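In order of appearance the chains are A, B, C and D, and numbering begins at 1 in each one.
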Amino acid sequence: MAGNSIGQHFRVTTFGESHGKALGCIIDGCPPGLELSEADLQKDLDRRRPGTSRYTTARREPDEVEILGGVFEGQTTGTSIGLTIQNTDQRSKDYSEIMDKFRPGHADYTYHQKYGVRDYRGGGRSSARETAMRVAAGGIAKKYLKQEFGIEIRGYLSQMGDVTIDKVDWDEIENNPFFCPDVDKVDALDELIRDLKKQGDSIGAKLSVVATNVPVGLGEPIFDRLDADIAHALMGINAVKGVEIGDGFAVANQKGSEHRDEMTPQGFKSNHAGGILGGISSGQDIVASIALKPTSSITVPGETINRKGEATSLITKGRHDPCVGIRAVPIAEAMLAIVLMDHLLRHRGQNHNVQTETPKI
Amino acid sequence: MAGNSIGQHFRVTTFGESHGKALGCIIDGCPPGLELSEADLQKDLDRRRPGTSRYTTARREPDEVEILGGVFEGQTTGTSIGLTIQNTDQRSKDYSEIMDKFRPGHADYTYHQKYGVRDYRGGGRSSARETAMRVAAGGIAKKYLKQEFGIEIRGYLSQMGDVTIDKVDWDEIENNPFFCPDVDKVDALDELIRDLKKQGDSIGAKLSVVATNVPVGLGEPIFDRLDADIAHALMGINAVKGVEIGDGFAVANQKGSEHRDEMTPQGFKSNHAGGILGGISSGQDIVASIALKPTSSITVPGETINRKGEATSLITKGRHDPCVGIRAVPIAEAMLAIVLMDHLLRHRGQNHNVQTETPKI
Amino acid sequence: MAGNSIGQHFRVTTFGESHGKALGCIIDGCPPGLELSEADLQKDLDRRRPGTSRYTTARREPDEVEILGGVFEGQTTGTSIGLTIQNTDQRSKDYSEIMDKFRPGHADYTYHQKYGVRDYRGGGRSSARETAMRVAAGGIAKKYLKQEFGIEIRGYLSQMGDVTIDKVDWDEIENNPFFCPDVDKVDALDELIRDLKKQGDSIGAKLSVVATNVPVGLGEPIFDRLDADIAHALMGINAVKGVEIGDGFAVANQKGSEHRDEMTPQGFKSNHAGGILGGISSGQDIVASIALKPTSSITVPGETINRKGEATSLITKGRHDPCVGIRAVPIAEAMLAIVLMDHLLRHRGQNHNVQTETPKI
Amino acid sequence: MAGNSIGQHFRVTTFGESHGKALGCIIDGCPPGLELSEADLQKDLDRRRPGTSRYTTARREPDEVEILGGVFEGQTTGTSIGLTIQNTDQRSKDYSEIMDKFRPGHADYTYHQKYGVRDYRGGGRSSARETAMRVAAGGIAKKYLKQEFGIEIRGYLSQMGDVTIDKVDWDEIENNPFFCPDVDKVDALDELIRDLKKQGDSIGAKLSVVATNVPVGLGEPIFDRLDADIAHALMGINAVKGVEIGDGFAVANQKGSEHRDEMTPQGFKSNHAGGILGGISSGQDIVASIALKPTSSITVPGETINRKGEATSLITKGRHDPCVGIRAVPIAEAMLAIVLMDHLLRHRGQNHNVQTETPKI
């Protein structure tokens, strides 16, 4: 047990259920002297928040984060930082069905089997609502990485259903509700979502996250490699079923002469590796992708069993995204930021100084 | 730093370089009373060992593991277990080229930048030789899981280059040098390897690992989910660039009505999830896949730089697998075993008893 | 950094400063199914709370703990538990002196040197106010240990200044404001405190904590011994300068024939060891003692330096205990409970069952 | 379980039993570039080794440490370091008595109860022989601390039985077999040991360890305080029953005006605190003391039970120190070095630079 923490040197620990009193987290290991206010964290929380567009769930909560400790006169003090977000939208609702039946594709069955007891309201602890705290915690890491090292972390939608997106225009991403980096694909996405809403169904997605200006040397072989820790952090996001670094699964059909990134005095000639060699950052952009399954909260009826083990069926009513992948962009960014922050502090502890001059390409 | 350990309750820590005196590891947290001898571990070491066929490297080392502590009168005592494998094949060789030049696609550059100093002989610590200790440690986990819970962990090659393998005949896997589960694909693999040898090039691969008879309830949300820890362990294997659980990246184009595994009193109707829901094992087979990049140790010349940053080029002579993926099957099995063992002990600590009656399908 | 957590399987992480908005903590690893409400935790918080008698500081705060997550319908769910205590008594005060001068004997100087920035209000994070969260977290452990294993954890004052207390009447402890187990020493303590108040000075103390009904087998050699972890937890309490297990420092002048606890079929004949042999609980009572230094918050002027390094002097005004040791009894109980809880879950994970039949004496 | 590691950033993991094949350890997190050879570690191993004088046990083993990995061309590489010491003195002996009977005061009973199985030869894993690996690992920390920061760590005997030692002459310590810093007490110690040998009995001891030139700022509140981690490390040494920092238990009878260390522009005026304030090093000498119980391996018969729970008695024959405390001096130094090394790397990770200019007194 005790699985609600991530990171060793920059450690984030969370609590909170979908419909409990509040979500909260403690960030331990943030260096002192970082200017920090709620506003710094609110921006990404708003990007993640449901109800921001007609494409995501209609749940409307301000998701206002409050800093309860660890910051004094606008600066981090080096001690642990406490954050909470009150759950304001706990409307009393009839949970009798979800209480009794295991929603297929959800964590209801496994939580029930593991713990014997579960907070079934809106999925309780297994709800993606919990990721709000990750976004808040990641916001602290993002700010530190940007300010101290110029590291920037950004994500985008790279696939939804059969709509694949290859063109990446960083300036387009925040202009549409899909975090889509290709303006020409926005209409197709819009149509796909409309169709799914009509069908009462949902769709999976693929996202990419990229970190730029990462110093050489982050990552601790053998087991705490940077890529292994990124895989851990990204696979731990709700609904994620796959993680790739660099070329990912495409490497299964690549030749060595094609894959290896050759080097010149001017820098690497390509970045098939996704910025990590031997588990250590190479100074190139770190590139990771994740696949998110389609949510099982749909109105298409599904077979299942109840707590007595009897056959029954179920549809999920209420406010639900047809594509949960959309909202996961800021979550993936936050998780990558937490991992990089953790490794940066580890690396600096052992190696005195961090190389900030990074090779090209 | 201090990244050479994996697991919290069943913890494996390794040391050793490709051409150092010995490899070693300490396994901490193995329950007492398990019958254990070197022979139990040797079988998987032999499966991983180079030189077992003409398809893998010609390096010939017996890879004989020795148990130095933690076992008394043939049983584990509950204290830490010490293992070593002597490096017998340290023939003196000319390493001047690899000492001075960074092999593209290898960890030479990143180790040099991170540590300032590196054991360049055969890749030193970054060499896949180190995985021998993982296989030995995983062998202990495998034995315990099998004996106490009937859990079985097996892997196979599912793709090499453009040869994809869909038919899984568990009895075929050990009959060919590729861990290929489809007898009809063995000739194609053989031909692919021969061609690559002629070209002096290499190829990537995709492997799958499956654990059967896994109890319900393993995995600790939110961050120490079973899938997140599997991703961490598998991405940490040399050359791995992608990890999938269940349907993996295919979910990006699946609908909710298609992906969710419906339940009946007789069990789940499908296993798109790969045996994990909400980060907790569901009792179904755990299915994971990994992509391994083609090795960069090829005789096709590649551009690179030397330690002074000057342009140069390099070919890698000597004994090298055209497909390192082949030998990674026992490594992937070992890593999955270590993760399951770790989570089993965690789960049992908190929840008293472990459900061994698993649902069907 | 990242030092605000204790425990591995039952892990407590805290945040909060003396005069910040709130204190908070996350308890991760509490087994599911434990009945838990705020009232369970409030009792020990009230025992620790200042202002409960004229002998302790006049600061008056209700110290009301709130459970924000991890409990559903009155039971723990096995997920992380979030607690907060609002700081209601943040009266605006003049902190200019403490801001500029380092109080001798306090953490002002070391925090300043370590972090460069510090929350100086009331000592900020270094204030003993933080221990309220430890008491709350320990209350959860105490309840579980009592209910599941019959383990009871109690402490008492064993020395204050030159008043030493040898007679232990468990029924007397809660009858006086000193946690004194000998009714005949209460007057002497009362007089000592009055004298100190007149002098504007303070005094050290020694406390003892005892756990009864502890199962055999808790503790993980070599480094995570039960005694080592108890020492860690108790030395981590503010003002503690010494920790003893069993006979403690008296053993330096004991002979082997005198110290070793002989065994008979009816149980151990003595308990010099304090219930721990080879780092593992023996089933006897666990007995530990701690020494707490006199608080440096006194009105006797003291020499010090200011932030510029110039000589100055300082007296500490305001509400302060003449003996901080008094209030540390529930804190020491809480820390011992957290350690035992953590080890119990570890032991159970590895060893299937826990021996609850304990040997006598 | 998994308790055989200490440290997070500089982590030491050990294995090995008293009469097994070998002892071993892995040191993970040692910075790269440290010159290191076996000779660097052998000196302290020889100081700890039994058989070096007539005052300690007659067991004669060279205790030769071998570096198996992590060092290349005489320098640490930043990867994990593997060490082993072969057990050469495994003379076949009759262990039938110790196999069947629980030696009072030893870990026989608790190991048996915890694990169900135990290596009874010479105490197996619970034997102090295991501490050889701690001394070797600590030697690496000692060398780094000395070289990079000028930190020096030394210990001495401060009490044996009723012989207390107050005068500390650092030059005397290595001149006598007792690590006694007062030449005038050597005869009394010699006489005490002779008497005990005649009686077949043993005696306890008190040791002190001091670290000089420690930078300000080491230690991570709230739980990973420097003093808490020192207490953990020292209490984890075999036979230790008490740990003090600075004035230790004497503080129970000190006044605040007496205890607090006043500051002047020239430095602290005293060091009652033992160099740690609020869990963070103050730059003064770090001073810790430990009490070691008298060994229970004596020839005075003791009552006990056998594995069937029947009453019996036992004497311990063979080679045993009348005072195990003597040999613990290098062990205590090693443990303190490991803790300081760990905290130094943690601190540097978060705080960029470490203050090496330390205050006076």
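By definition in this document, a residue touches a chain if its C-beta (ideal position, glycine included) is under 8 Å from a C-beta of that chain, and two chains touch if they have at least 3 such contacts.
No experiment lies behind these values; they were computed from the predicted model shown.
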B-D or C-D - the one linked by more C-beta pairs in contact: C-D
Equivalent of A-D within the choices B-C, A-C or A-B, defined by over half of its residue contact pairs recurring: B-C
Approximate Å spacing (C-alpha centroids) for the pair chain B, chain D: 38
Rounded Å distance between chain C and chain D, as computed from the means of their C-alpha atoms: 26
Overlap residues in chain C, where contacts from two or more other chains coincide: 1-5, 8-9, 14, 29, 31-32, 78-80, 114-116, 125, 221-222, 345-347, 349-351
Touching residues (chain side chain D, partner chain C) in the complex: 1-6, 12, 14, 102, 104-107, 109-111, 113-116, 125-126, 130, 159-162, 196, 201-206, 216-217, 219-225, 227-236, 238, 240-265, 269, 272-274, 276-283, 291-298, 300, 302-305, 309-311, 325, 346-347, 349-351, 355
Touch list for chain C against partner chain A, complex: 1-5, 7-11, 13-17, 20-26, 28-33, 66-70, 72, 75-82, 84, 114-119, 124-125, 345
Residues of chain A defined as touching chain D within the complex: 8-9, 29, 31-32, 78-80, 221-222, 345-352
